[in-house]
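Next up: the structures, one after another.
In the two assemblies presented below, chain A is common to both, partnered first by chain B and then by chain C.
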Partner chain A sequence: MRVTDTYKFGSWLLVLFTLTAPWVLPLLVDSFWVDIYSEILIWSLLAASVNLLLGYVGLLSFGQALFFGFGMYGVAIGVVKFDLGFWSAFIFGISLATGMAAIAGSLAVRLTWHYFAIITVVFSLIFYFTALSWKPITGGDDGLPFTIPPIISFGDYKLTMTNANFQYFFIVTIVGACYWLMYRVINSPLGRAFVTVRENDARAALIGLNVYLIRLTAFIFAGFIAGVAGALFALFGRYASASYMFYHVSGEAVVWAIIGGVGTLFGPIVGTGLMIVLREELSSVWDHYLLLVGVAVILTVIFAPRGIGGAFKALAEKIARQQFSRKESGP
Partner chain B sequence: MDLVFALALNGIVWGLIIALIALGLSIIFGLLDIINIAHGDFFMVGTVLAWTVLQTTGNYWLAFLLVPIIGFGLGLLINHAVIQPIKNAAALSIVATFGLSIILQESVRATYGAAPNRLVAPIQETLLLFGIQYEVYRIFAAAIAIFAICVFFGFLHKTKLGTWMRAVRFDPEIATAMGIPAHRIYMVTFGIGFAMAALGGVVAAPITTVDFQGGIDILPFCFMAVIIGGLGNLEGTVAAAVLLAFVEGIITSFTDPTIARIGSLIFMSAVLIVRPHGIFVGATR
Partner chain C sequence: MKSRKKTEIQEVIQDNSRRSFLKKTLTGGAIASAASLGLMRDVFAKESGPIVIGHHAELTGGFSSWGYWHDKCAQAAVKVINEGGGIAGRKVVLETEDTESNPAIGARKLRSLIQRRKASFVVGSVHSGIMLASIPVATELKTPYFSAGEATEATGSKGTRYSFRTGTDTYALAAAGAPWAVENLGKNWTMIFPDYAWGHSHHAEHKKLIESMGGTVNDPIAVPLGTKDLVPYLSKIPEQTEVLFSVFFGALSVAFYSQSKSMRLDEKMKMYSVSGTIEAIDPRDIDGAAEGVFFLENFPRPLEYKDDEYHKRFIEMMNIDSVHAEEIGSDRIMAKSHAWQSYENFFALKAAIEMSGWQRDSDTPGVIEALEGLEMQNSLAHPQGSKLLRAEDHSGMIDCFISKVEDSKFVVKKRIPRDEMIAKLPPRYDFRKMSL
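The block that comes next holds the complex of A and B.
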């Protein structure tokens, strides 16, 4: 099997599993795993937004939780304070996150590496503390719960997220659309420009690319993806809370992206899935399972800095090379 | 007015302790090029070790001696296990130290427990200072911090090892070519960085609470001091730490402490964007 074939096979397997999960998972394990799988899909978008910046433009953001939080609060505040409907609240949350990404990005992408990582943390901390102290709007520590408005209502018939299957496929559709969008962007000329900037920003500037604008575009796009994740998570959990804006959430997303493998489209799903399944399985067995998470993070960084996705890619390429050379020397 | 004065004084004391911790962060960054997300947890480990020393020996003064030594040892160990293997990929240091931070917090939670404890200060007296009753321990804490900072600068400028450290920071390749054992210098630097954070923990433990999450609040503050002072600029770090804590102390007497914190964070972003090498650049180097 060629490398691209293994990828295709893996991707189709993932798609097939995702589409049948609400019926397969209750048969195999337990029905609450359907909810966990939805959660994995949502969080994987946050990891994907880290991956977009780190893997494709070479910027390590430690503040993606800020846009996740804006997406969350956008939905919750939209429903509670402005009495918005389902779609308008959803779009309001995403626009809020994207707008914030545009503002924060225009300042942050002037800096690179260490400075960039630190300023993204600082921005997310500013709004974390603001959300904590601005109780009338954000609910502070307690968060902001809300009841979900129906998506479509025909008189008495209402389609809402309270229907488990509907909720699942709503999340799958939105997450799938985001990955499709990322795939299209990464494989477009813009995506090539991202990689060029990551590899060598001085040369990218010399061949006429506007490095600042390219970084800003990537930052806004990543903020948009994180915002979608936050908005989805608000709808999924029916509340918004400042604690999701803390830098530990951003850090977790970075960890998921790196364990899954930065610079690969589906790496974040693999990393997020693995870490969340580990958490669900281990946290009930061993109270201090976080020790294992910490060890796993350090081992990944030391031995497989390109993550599971990168290690898989290297392995597949090695096998492909061996098969190729066997064919060459064979009869 | 008394309140403003007390809070400003608290700010200076706290600023000096932060300066001590942030200096460790700053030398680790300056020499090893490592952004140490776990530095707040080094401080937290210091407070927990101080609490343990007090519980086992009943003598808090012993902690001032023992904890930095244990911290130094832990620093050497961590440097060997985590930092050296990623030396050629310093960019990953943020992620590796994030993992380290998880491990430190969780192992403290597993051994020491999740409930925060308060320590009784070894000095109970208060002092009448410009019309307010002020705890003597806080003044003593400030004195210890100043003393440790002076010892550190003396070490850096007057001893052979300190000179080597400055040489490696200036140019690792030339320093190695001149026969300085750079590898060992990195090791010692990380150990000293941990020891300073741990000493900060001992000094601060009676003022704050001993808790496995105690490092989380400290970390952003230390980073602020290091950034505003200029990454790697040690004197700037000390000045920035004291200045920040003093200003936050004064703002706190008018409004919410959270608003004071937001103010300093905004100030820090402005510094990062306008003067990314710190506000003292050109003054010292």
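The block that comes next holds the complex of A and C.
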């Protein structure tokens, strides 16, 4: 089996599981896990936005929760304050997050490494405190719950996210579209420019690449992905809260991306899934479960520094090499 | 001959048809009866398995000093109910999930309680953000949810047919305490609070009432979040202030009382607050900083101000002393003005389940209708006192108490009967208009 075949097999297995989860999961475990899997898919987009910056452009952002929060508040404020419908609120949330990413990015990507990480935390904190204090608009620390508008309505018939299966497939479709978009961008000349900047920004500039513009494009794209995650999570939870904008949330996404494997497309899903399932199971048996989560993270970083995605890639390559050498020394 | 044979054959066929018809009819009838018995069994049969009630509590995180008591109350309630024969003869199973004092985790834990742990009813969070995040989830999953936080929205603009609260919200606290405080403490008020929803909500509700009674409310002082040193904000308090109303929480509350005391503000004006600001805090531990402060409470700390058998038994169950509400064998102070809800709500559910004849989740609308307007008498089930769960807005109408800290002890100065509160607290919403 070639390396690409192993990847394809793994990817198709993930796709097959995702498409059949509402029926397969209740056969194996409780139907509650379908909701958890929906959450994993949504949160994986936040981790994917970190991965996009860290894994492909070399920028470590602790501010992705800011765009997640903007996506989330965009939907909630759109519904509650502007009486927007489902699609308008969804698009409003994503636009708000992308716009904020463009503003923050225009300043942040002038910096790199720890300066970049610090400025993203600062942006996150400014808007976190603003959201917490601006009660008339954001609901302050109480947050902003809302009733979800119907997606389509014909007379008395209304299709809403309250239909569990519909909600699941809506999330799968949007998340799937985002991963497809990321795949296309990563494999395009722009994606190669991202990697060139990550590897050596001075050389990238010497060969004529506009490093600032490339970093800014990546930052806005990552903000867009985080915004989609936030907008989806608001629709899933029927609620927006400033607590999701706090830099701790960004930190969690960084951990998920590292565990899953930065620089791999589906690594964030694996990392997010593993950490959320671990958290869900451990939290019901021990209040201080975060200690165990911490241990798991340390072990992963020590024994699989490239993350689970990276370890999977290394394993697939090893198998392929062994098969190749067997063929070479064949009868 | 031919015709005779034909007639015989026809008779045989007819006979066969008749027999087969009878046979099929009887068989069909038997199957139908069996099926119908099977179906009707579900309609009339009584369930005998346990009733699962979820508890959505802050066992860790910022509210854990309160959550500990909510958990203790829930466990005590379930123990009392099961020792008394359960609910409608069925054992109660308590399933508890920790919200970690975080709305994101809280919403997921509520789904876990209902979908995974199969809770039919949930006694909910005291954290306003968590309860507001939880109400849409509980409503969608058609599960009654009792919240214990103070945000008015839970039984107001964001409330639903499924959200209930036996305790008070900022609207009720203003209606209960402000009239007495304006009359007895002064008419010129300044409010100081951290710059977030809880403080703003108290400010808005109190301002309306104070001004309607001819009082004056100076510009509020909203302290930015994360502030440790309150002196710059305390120095902004206008000279003419007669009543300083503060709404802080936890460590900041202790900082407020200590710093205002050191600035001798208590000598220039009366200090007034709500129980949430001193909940789980012992005045003895803050070196007299809370001395002379008036607090609006839901449940007096010392036994002597509601001296009856039920309160005494409740104190014994909680294993606390009867003056300071301190846990025997530890230095924890009971969050008494809020945690009682996590005890009493189980009994409110028990009454409603038994009144409605609830058997399974499809009968839940009956429980909601029974909860709407439920009268609860002072008893071991309701040691805080008699109360009404108002039908329109699902809000608890309870007695409140104005206490003053004297010699580090809470001394009740005035009991505000629920009828007095109801008169100043007309319902602003009627959830009964919402379908079930």
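Everything that follows uses one rule, which is that the second predicted complex is superposed on the first by the 330 of 331 C-alpha atoms of A that agree within 3 Å, B and C clash if a C-alpha of one lies under 4 Å from a C-alpha of the other, contacts with A are read in each partner's own complex, and residues count from 1 in each chain.
Convention: contacts are C-beta pairs under 8 Å (C-beta built on N, C-alpha and C of every residue); 3 or more make two chains touch, one makes a residue touch a chain.
Just so you know, these numbers come straight off a predicted model, no measurement behind them.
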* Asked: Looking at the overlay, what does A:S243 touch: chain B (first), chain C (second), both, or neither?
  -> second
Looking at A:S284 after the superposition, I want to know if it touches chain B, chain C, both of them or none. Which is it: first, second, both, neither? second
**Asked** Of the two partner chains, chain B (first) and chain C (second), which one does A:T162 touch, if any: first, second, both, or neither?
**Response** second
Can A:F32 be said to touch chain B (first), chain C (second), both, or neither? second
Does the superposition put A:L132 against chain B (first), chain C (second), both, or neither?
-> both
Request  = With the two complexes superposed on chain A, say which partner A:W113 touches: chain B (first), chain C (second), both, or neither.
outcome  = first
Across chain A, the partner (chain B or chain C) reaching more residues is B
Shared chain A footprint, chain B vs chain C, residue numbers 129, 132-133, 287-288
In the complex, chain A touches chain C at residues 30-32, 35-36, 39, 129, 132-133, 135, 139-143, 145-147, 162, 237-239, 241, 243-244, 249, 280, 283-284, 287-288
Per the touch rule, the chain A residues reaching chain B in their complex are 60, 62, 107, 110-111, 113-115, 117-119, 121-123, 125-126, 129-130, 132-133, 247-248, 251, 254-255, 258, 287-288, 290-291, 293-298, 301-302, 305
Listed in rising order, the residues of chain B that touch chain A in the complex are 35, 37, 82, 85-86, 89, 91-92, 94-96, 98-103, 105-107, 109-110, 216, 220, 223, 227, 231, 256, 258-259, 261-262, 265-266, 268-269, 272-273, 276
Touching chain A in the complex, chain C uses residues 59-60, 97-98, 100, 102-104, 107-108, 111-112, 115-116, 128-129, 132-133, 135-137, 140, 151, 153, 158, 195-198, 200-201, 222, 224-226
